[in-house]
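Chain IDs A, B, C and D follow the sequence of writing; residue 1 opens each chain.
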Amino acid sequence: MAAVDASSASAVLDAAPRARRAWARKLGLYIPAGLVGFVMVACFIGPLVLPIPAPVGGNVLDSGLPAFSPGHLLGTDPNGNDIFSRILHGGRASLIVTIAVNVLGLAVGGLLGALSAYIGGAVDTVIMRVLDVLIAFPSLVLTLAVAQSLGPSLTNTILALAFFSVPAVARVARAATLSLRELPFMTAAELAGTPWWRMLLRHIAPNIAPQLITFAMLGMGIVIVIEGALSFLGLGIPAPNPSWGNMISEGQASLSATPGLVIWPSLALFITVLAFNLLGEALRTQWSVR
Amino acid sequence: MSGERTARREEVLSYAGSATRRAPGEALLEVRDLRVCFSRGGRRVNAVNGLSYTLNAGEILAIIGESGSGKSVSARTLMGLLPPSAQVSGSARFEGTELIGMPEKEMRSWRGAKIAMVFQDPARSLNPTMRIGAQITEAIRAHSAVSKKEAAERAVELLKLVHLPAAERRFFEYPHQLSGGMRQRVVIAIALAGQPRLLIADEATTALDVTTQAQIMELLVELQERLGTAIIMISHDLGLAASYAQNVVVMYAGRAVEYATAEKLFANVRMPYTRALLGAIPLLERESHALLPVIPGQPPDPAALPAGCPFRPRCDSATEACLEPPRFAEHEPGHWWACWHPSGGEDARDAHIGGAHARQARDVRQAQDVRQVKDGAQR
Amino acid sequence: MRTKTQRIAVLLAALLGVAACSSTQSTSTGSSAAVESPVRGGEITVLEDAGFSGAWPTGLDPATNTTGGANLPQMSSIYGGLFALTANDDGSNAKVEPNQAESYELLDGGRTLKIKIREGIKFTDGTPFDAEAVKFNFERALKSTCSCAPRWPLVEKDPVTTEGTHTVVVKFAQPNAAVINSFPVSNVNWIASPTALQEMGEDKFRVTPVGAGPFKVVSNKMSSELVLERNPDYFKQGLPYLDKITFKAIGGDQAAFQALLAGQAHAYEGMSTVPLLEQAQNNDKLTVTLQPPTSPYVIQLNTKAPPFDNEKARQAIYYATNFDAIAKGLFKEAYPVSQSFTAPGGLFYQQTVPGYRTYDLEKAKQLVQEIGGLKVELGTLSAYVAKQVMTALQTQWKEAGIEVNITDHQLSTLVEQFNSGKWQAMLQTAGAWDPAAGVGVAFRFQSTSPFSGVKDPKVDELMTKAASTIDAAEREQIYTELGQYISDKAYAPFGLAFAPANVAVKGVYGPGLTTKIPPLVVNSAVLWDKVWRSQ
Amino acid sequence: MGQGLEESVTLAVERRNRNVMTSLLASPSLRLVGKRLLMAVPITIGVSILTFWVLNLIPGSAAQQLLGAEATPEQIRALEEQMGLNRPAYIRYLDWLGGAVQGDLGRSYVSGQPVADQLGERLVVSAELVGLALVCSLALAVPVALLAAYRPNRLFDRISMFVSVTGLSIANYVLALVLVLVFAVQLAMFPAIGYVPFAENPVENLRSMALPAAAIAFPLFCFYTRFLRGDLVDQMQGQDYIVTAQAKGIGPWQVLLRHAFRNSSFGLITVVGLNLSTLIGATVIIESIFAIPGLGQLMLQAINTRDVMVVQACVIVFAVVTVLANLVTDLLYAVLDPRIRYGSS
C-alpha cells in the first residue's frame, strides 16, 4: 500500500528549502557512483588505452625525474619507471586485493558472525572462541608462513589479508545480529517456521548489511596499505610490479627527499577510499529510509 | 465497587487539579484546509488535501480512513514531526495559537505539554535499553522543573493512573519485560507526563488484541472524562468510532469527506464511501455465510489523484457530475459531507445499518463495564 | 609492517656481501673538521640502523655475538680492541695499528704471532688486562661454536701461550699474512674481563659486559638502547672526551635523518638512501662524510649448475650488464665502478682489469642467440640499495634478450638457497678492506665455501697463496692475477663500489665519523674514544 | 495517601540498587565473566599450538641465527642437537607448555635472557602506547560522530567525512614520519624518538608518547567517527522510539545522546575491542620509527631469528589480551542492552 503516511518516516522538521533537499538526495548517490566508476575505468581500462610507458623496465638513466617532465606526467621513480603508469597499473592490483579481501570478509565473516549470534548457545561460543584464536594469532607469523610456503602471489596475499578481515567482520556482524535478535519481527518470522538460512538472508542480512558495508568501506584504505607493508615480508605484490601499497612503502624510505613517490599513490588511494565511502553512505541513507 | 471507584476519582482529580480545565464544548483545536505534500524522489505526493475539522475541549474526535488516507500525516503535522521534505499549508489553531509554521524551538515546548501522541506499535515505541521509569521521568522533567525524586513519584502515579499493575516494580523494569498492552499503557503514561490538553492516539490499539484494545480504549475514555484531555483517535475501525467518539471525521484520499457527531453519522450516513465502509462490517443480525460487501478497487495513489471526487472510480452512485470536486460543507446542521449524491433518508436499510452499529457498540461497552467491575473486585 | 629489521644481520649480508663502497674522489662535503681543538665532556646519542648495526639480539659477549662485525660501535666502545684501523683525515694510508696491544711480531714466515700487551691497562672492574686475560679470551673464542670465532689455521699442541705477563704467542699451521688486518673486524679483537665473566655467568655478561674500552655499560635494552658512560681509568690519558654515549636502534634512514634534524640524536652511521644523502648534504645543520668504498657489488654466477656452467652464458651476462649507467642513474656518480673484488678505499686496489668484458649490448644479444636463449633467476638480500640495482639489472638484461626473474630474500631463505646450491645468479658484495680479512674474496670464490659459485682449483690456489704471503707487494701481484683470471673465465662481473655515509650534527666530530676511515666490511670503525662535542 | 507514595518510591529505589547488584553478581553477567576467563586457557593453548606449528613451517632455525650465516650445515645440525631443536615439534611444544604452566616461560634461544623480564618491559611500553591511542581516538571520535549525526549530510558531517577518509588513506608509517617532520623537526614541540618510562618522568613520558600515539590514534579516530556516525543516523531515521522521544518535547541533543547513542554504541564497542586485541602486536613500524622498545619489535625480531620461546611468550600475551578485550566487550553489551542481560545470555 502506498505507505505515504508511513508512520516511521519522521525526522525533526527541518527548515531547509525543499527543492535543494530532493536534488541533493539524488545527487548524493550519483556523484559517488560516478567517482567509483571513474576510478575503476582509470585503473582497469586506462592502462590499455592511454599512451603511457610500461610500469616496469624503465631506463635507469632517467631515474627520479620531477613531475611534469616530458613524457612523464608525474615524473619517474628512482628506477626510472613512469609514476603515472605505475599508479594506474598499481591501482588495478590494489583494487583487486582490497575488493576481494572485503567481499571475502563480508561474505564469510558476515555469515559466520550472523549465524553464530542467531543460533547462540554452544555454537556461538565455539565459533567465537575459534575467531578469538585467529584474532590473537600474530599476523606477522602467518604472513611469513604464507610468503615462504605458498610464495608471493595475488591470491596468497588476498588469502593472508582475508585471514585478518574475516574474524573482524564476523565480530561486527555478531554484535549487529545480537541486538537484532530480540526484535519481535525476528520471533514472528521464526514462529512462521522460516528455515535458518532464509532467516539469515531475508531477515538478518538486510538489517545488518548497512553497518557491515560501512565497516568494509572504511577498511578499504587500510587493506591496501597493509598489502604494501607485506611486500617487505616477502608477500604482497612482488616488486617490481607496482601496487599502491608497495609504492607507498618503498617511497617512504626517502620521504623528505622524494615526497612525490608517496604523495601520488596516497592521493589515488584517497580518491578511491572517498568514492567508496560516499557510495557506502549514500546506499546506507537510501537503505534506511524505509 | 463504587467506593473504590470514587477513591480513585479523588486521587486522580487531585493530581489533575493543576491542569487548567476549559469548559467542555469550547473549541480547543480548529483545523482549516490543512494541506501536506512530500517530494519523494522527484514526485509530489499530496498526503493531505484540505482537511478541516474542529475539536472541542474534553471531546473525543475519531478520524477514520483507510491507510494512505493521510490521517496519520495530519496528526503528525500538528506535532511538527514531519520529515524535512514535507510542505505544509492551511491553518491549525490550538487554543488560538497557529501551529503551522511555528518555529521549531517553540513547537518543542508544546510537544508533550500541550499536545501529546501515542503510537501504533508498542513493541518499538519504547527505547529497549532504558528503564520504563527513566523514559517517563524524562518526559516529566522536560516540561516541569521537578527534582528526580518528585519526578519518580509522579511517574509511579502516572503508571497507576493508566492501571499498570504493580507500578512501583514496573518503574525499574525494561520494555521487553512487559506485554504489548502494558507497554501501550506506559506509552500513554509518557504522553500524559506533560499534562497535555490534547492526546492524539495514532492507531494506538491497532497492534493489540481485542480485549486489550477495549481496555486501552476504556482507559482513554476514563482519562478524557477525568483529566478533561481532548482525544483525537485515529483508526480505520468504525466500530471504535461508533462506541467511543463524540464526533467522527471520515477521510478519503487526504481530505475529509464526512464529518458529524457519532449519532448523526451512524443514524443517517450521507457519504456513499462511509456507507460502503459501514456495510463492510460484519453484523450479528445478518444470516451466517452472507457475502460480505467489499468496496471494489484500491485507494487512490496520492501522487496521482483522480479528477473531481476521489471516490468516484469506486462509487456505485457516481455520475458525470462527480467529475466536479464536491464541496465539503455543512449540508445539514452538524453534518458535513462532500458528495453530489448523498445517500440516506430514503433508504431505511441504511438507517437500520447505522442504528445496528450504534447498538452493537453500546452492548460491547456495557459488557466491558461489567467485566471491569469483576476485575476491580479481584484486585 | 615494513620490517626494515628484516635486514637483521646485514653484517651477515655483508658476509654475503650486499653493501658496496664508494670512491674517495666522490663529491663528499665532509671536509675534515678539525678546525677547533677537542673539548672534554658532554654526551651524545648515536643512532644505528635497526636492520643492521642497531641489532644485537645475541648480546655483546665477543665469544657469542654473531653480529659482532655490525656492532662495531657498541663493541669497540666497551672493549676498545687490541688493534684498530686508523687513517689520515681523508682516508688515505689506512693501516692497522696496535691499540690495547703495544706491538706485534710475525715470526718464522707468518706462522707465529707475538702480541705485546700495553702495560698498566685495567678492566673497568679493576682486574688487570694482561696476557693471561688475552689468552683466556682467545681460547674461549676458539672453543665457541659461533661463526664469530676466528678461523685461524692453528697448530694442534697449545696454539696459544703467554710469555711473561704481557706477551701472547699464537702458532699457526700455515702462514697467516692478513691476521693483523683481520683483527679489527673480528670479535677476537675485543677482550672481556675473565673475572667478570666467571662472576656474572655468560647469560648476564652478554647483557652488561665488562671490558677495558673507553666506556662502561650503564644499561642495555637488547637491540633497542645501549647506554654507556665514561671509563675514568681508560688507559689513554685524557680520553674519552665524551661523558656518555647512548646507542639507539632506529627503523631506517628517513626516521634517523628526522631525529638528527630534531636534535634528538647527534650521529647516524651507515646512511645509504641516496636521495636522503643529497638532502642531508645540502642541510647546513648536518655534516655528511662519505666513507671510502672497500667492497664492490658482484653478480655471482653459479658455475656448478646450468645455465652458467656454460662460459658463453656467463660472458653474455658480462656484456649485458651496464654498471656505469646504474652508477650514473641511481647514484648520481657517487660510487665508482670496479672491475675486480677490490675498491679504491681498500688495499691492493686494481682500477681496471685488462680484457674485462664491459657493456656491449650487440655482443650480449648475439651470445644469447648462440646459446639458444637464457632464463635467469636473480636473487639478493632485501635491502633498499640492492633492490634498486636488481630492478636496473633486470631491465638491462631483458634488453639483451635474457629472461630475468628477480626475487629479494629474507636472510634465512637466502642462506637456504646457497646451501641447496639451486641458485643461478646472486647480486652480492665481495671483498673488504683487506681482501683476505673478514668477508674476503675466499667467501665468494673459494670452492669449499657454500656461498661461492666457483669451483676452480686455480682460484683456490691463488687465494691461499695470497693469504699466506707476508710481503704486501707480492700479495698485490697475486690478487691482480686472481682478478685477471676471474675476468678471463667470466666467473662473476663486478659492479659499483658502494659505501654508506656517516652523518653527524654540526659540533660533533670524530675520526671515522666526520673524517674518513675505510670501512673494514660495511661500516667504518669509528674511534669513539676520540669523538668529541663542542659545547 | 501522599505519605504512602513517599515510602513506596524510596523502597523502590533501594530495591533497584539491590536489583542491579544482584543482577550483576548472581545472574548471567558473573557467570559470563567466569566462563570467559576459563575460556582463556583453551584459546591460549590453541593460539600457541597454531603459532608453534606455523613457525615450524618457516625454514631456518634459532641455531642458524646463533651460528651466523657462514656456518656450515653440519655446524647448524650439531647446535640444533645441543639445543634440542631437532626433537619432534610436539615434544618441544609440550616441553614449553610444561614450563609455561608453572609460569616459567623459559629462556630466549638467541639472547639467553629469561623471556619474562624482556616481555615485561616491552609490554608496559606497548600497552601504554596502544592504550593512549585508543583513549584519545575514542574521546575525540564520539563527540565528532554525534555532531556529524546531529545534522546528517550537512557541512560538519561532510567535513568529518573528508577528514576521516584522508586519515584512512594515509599509511600510518607515512603519517608518523610526517608528524615527526612537522612537530619534532619544524616546531620542536615533541621529541622525535625515544621512550621515557612514566615512573622516571611523567611529563617527558607523555611528551615522548605524544607523536607515536597520535600516529596510531588518528586512523582509529577516523574509523570510529564514521562508523558510529553511520549507526547514529540509522537509529535516528529508522527507529520508532526516537519519534516517541521527540514527541516528549525533549531537545534534539537529548534524543541523540540518551536514545540514539545508547542503541548505536554496540558496533563501536565491538570495533574497539577488536583493535585492542590486534593493535598490541601491530605497531612494529611505529615502534621502529620512534625507536620505542615495544612488544611489536620484540615479536618481529623473535620471528626473524626463529626465537620460538619469545614468540610463544608474546603469543600468550596476545591471547590473554584478546580474551580480556572480548570479555569487556560482551559485558558492555549486557550493560547496554538489558534484553541480553535478562534474556538468554
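Convention: a contact is a pair of C-beta atoms (placed from the backbone, for glycine too) under 8 Å apart; a residue touches a chain by one contact, two chains touch by 3 or more.
As the structure is a computational prediction, the values presented were derived from the model and not from experiment.
Peer 1: Can you list every chain that touches chain A and also touches chain D?
Peer 2: Correct list: B, C.
Peer 1: Of the chain pairs C-D and A-B, which one is connected by the greater count of C-beta contacts?
Peer 2: C-D
Peer 1: Between chain C and chain D, tell me the centre distance in angstrom, where each centre is the average of that chain's C-alpha atoms.
Peer 2: The mean C-alpha positions of chain C and chain D differ by 42 Å.
Peer 1: Between chain A and chain B, what is the gap in Å from one C-alpha centre to the other?
Peer 2: Here the centre of chain B sits 50 Å away from the centre of chain A.
Peer 1: Between chain B and chain C, what distance separates the C-alpha centroids? Give it in angstrom.
Peer 2: Those two chain centres are 92 Å apart.
Peer 1: Hey, how far is the Cα centre of chain B from the one of chain D, in Å?
Peer 2: Roughly 53 Å, centre to centre.
Peer 1: Using the touch rule from the top of the page, what residues of chain D touch 2 or more other chains?
Peer 2: Those would be 58-59, 173, 177, 181, 239-240, 243, 246, 263, 282, 284-285, 300, 337, 339, 343.
Peer 1: Can you list the residues of chain B that touch 2 or more other chains?
Peer 2: In chain B, residues 81, 119, 124, 128, 176 touch at least two other chains, as defined above.
Peer 1: Any chance you could list the residues of chain C touching two or more other chains?
Peer 2: 1-4, 6, 252, 254, 258, 410, 413
Peer 1: Please give all chain pairs that are in touch with each other.
Peer 2: The set of touching chain pairs is A-B, A-C, A-D, B-D, C-D.
Peer 1: Okay, in this complex, where on chain C does chain D touch?
Peer 2: It comes out as residues 1-6, 8-9, 12, 15-16, 47, 50, 55, 57-59, 64, 66-67, 145-148, 202-203, 206-207, 221-225, 248-252, 254-255, 258-259, 261-265, 410-416, 419, 443, 450-451.
Peer 1: In the complex, go through chain B and note every residue touching chain D.
Peer 2: Those in contact with chain D are residues 11, 79, 81, 108-113, 116-117, 119, 121, 124-130, 138-139, 142-143, 149, 152-153, 156-157, 168-169, 171-172, 174, 176-177, 187, 190-191, 193-194.
Peer 1: Under the touch definition given earlier, write down the residues of chain B that touch chain A in their complex.
Peer 2: On the chain B side, the touching residues are 38-39, 41-42, 45, 47, 67-73, 76, 80-87, 104, 107, 119-120, 123-124, 128, 176, 202-203, 299, 301-303.
Peer 1: In their complex, what parts of chain A are in touch with chain C?
Peer 2: 56-64, 78-80, 139-140, 143-144, 148, 226, 228-230, 232-234, 238-240, 249, 252-258
Peer 1: Which residues of chain C touch chain A in their complex?
Peer 2: Interface residues on the chain C side: 1-4, 6, 252-254, 257-258, 273-276, 278-279, 325-326, 328-330, 382, 384, 387-388, 391-392, 394-396, 398, 406-410, 413.
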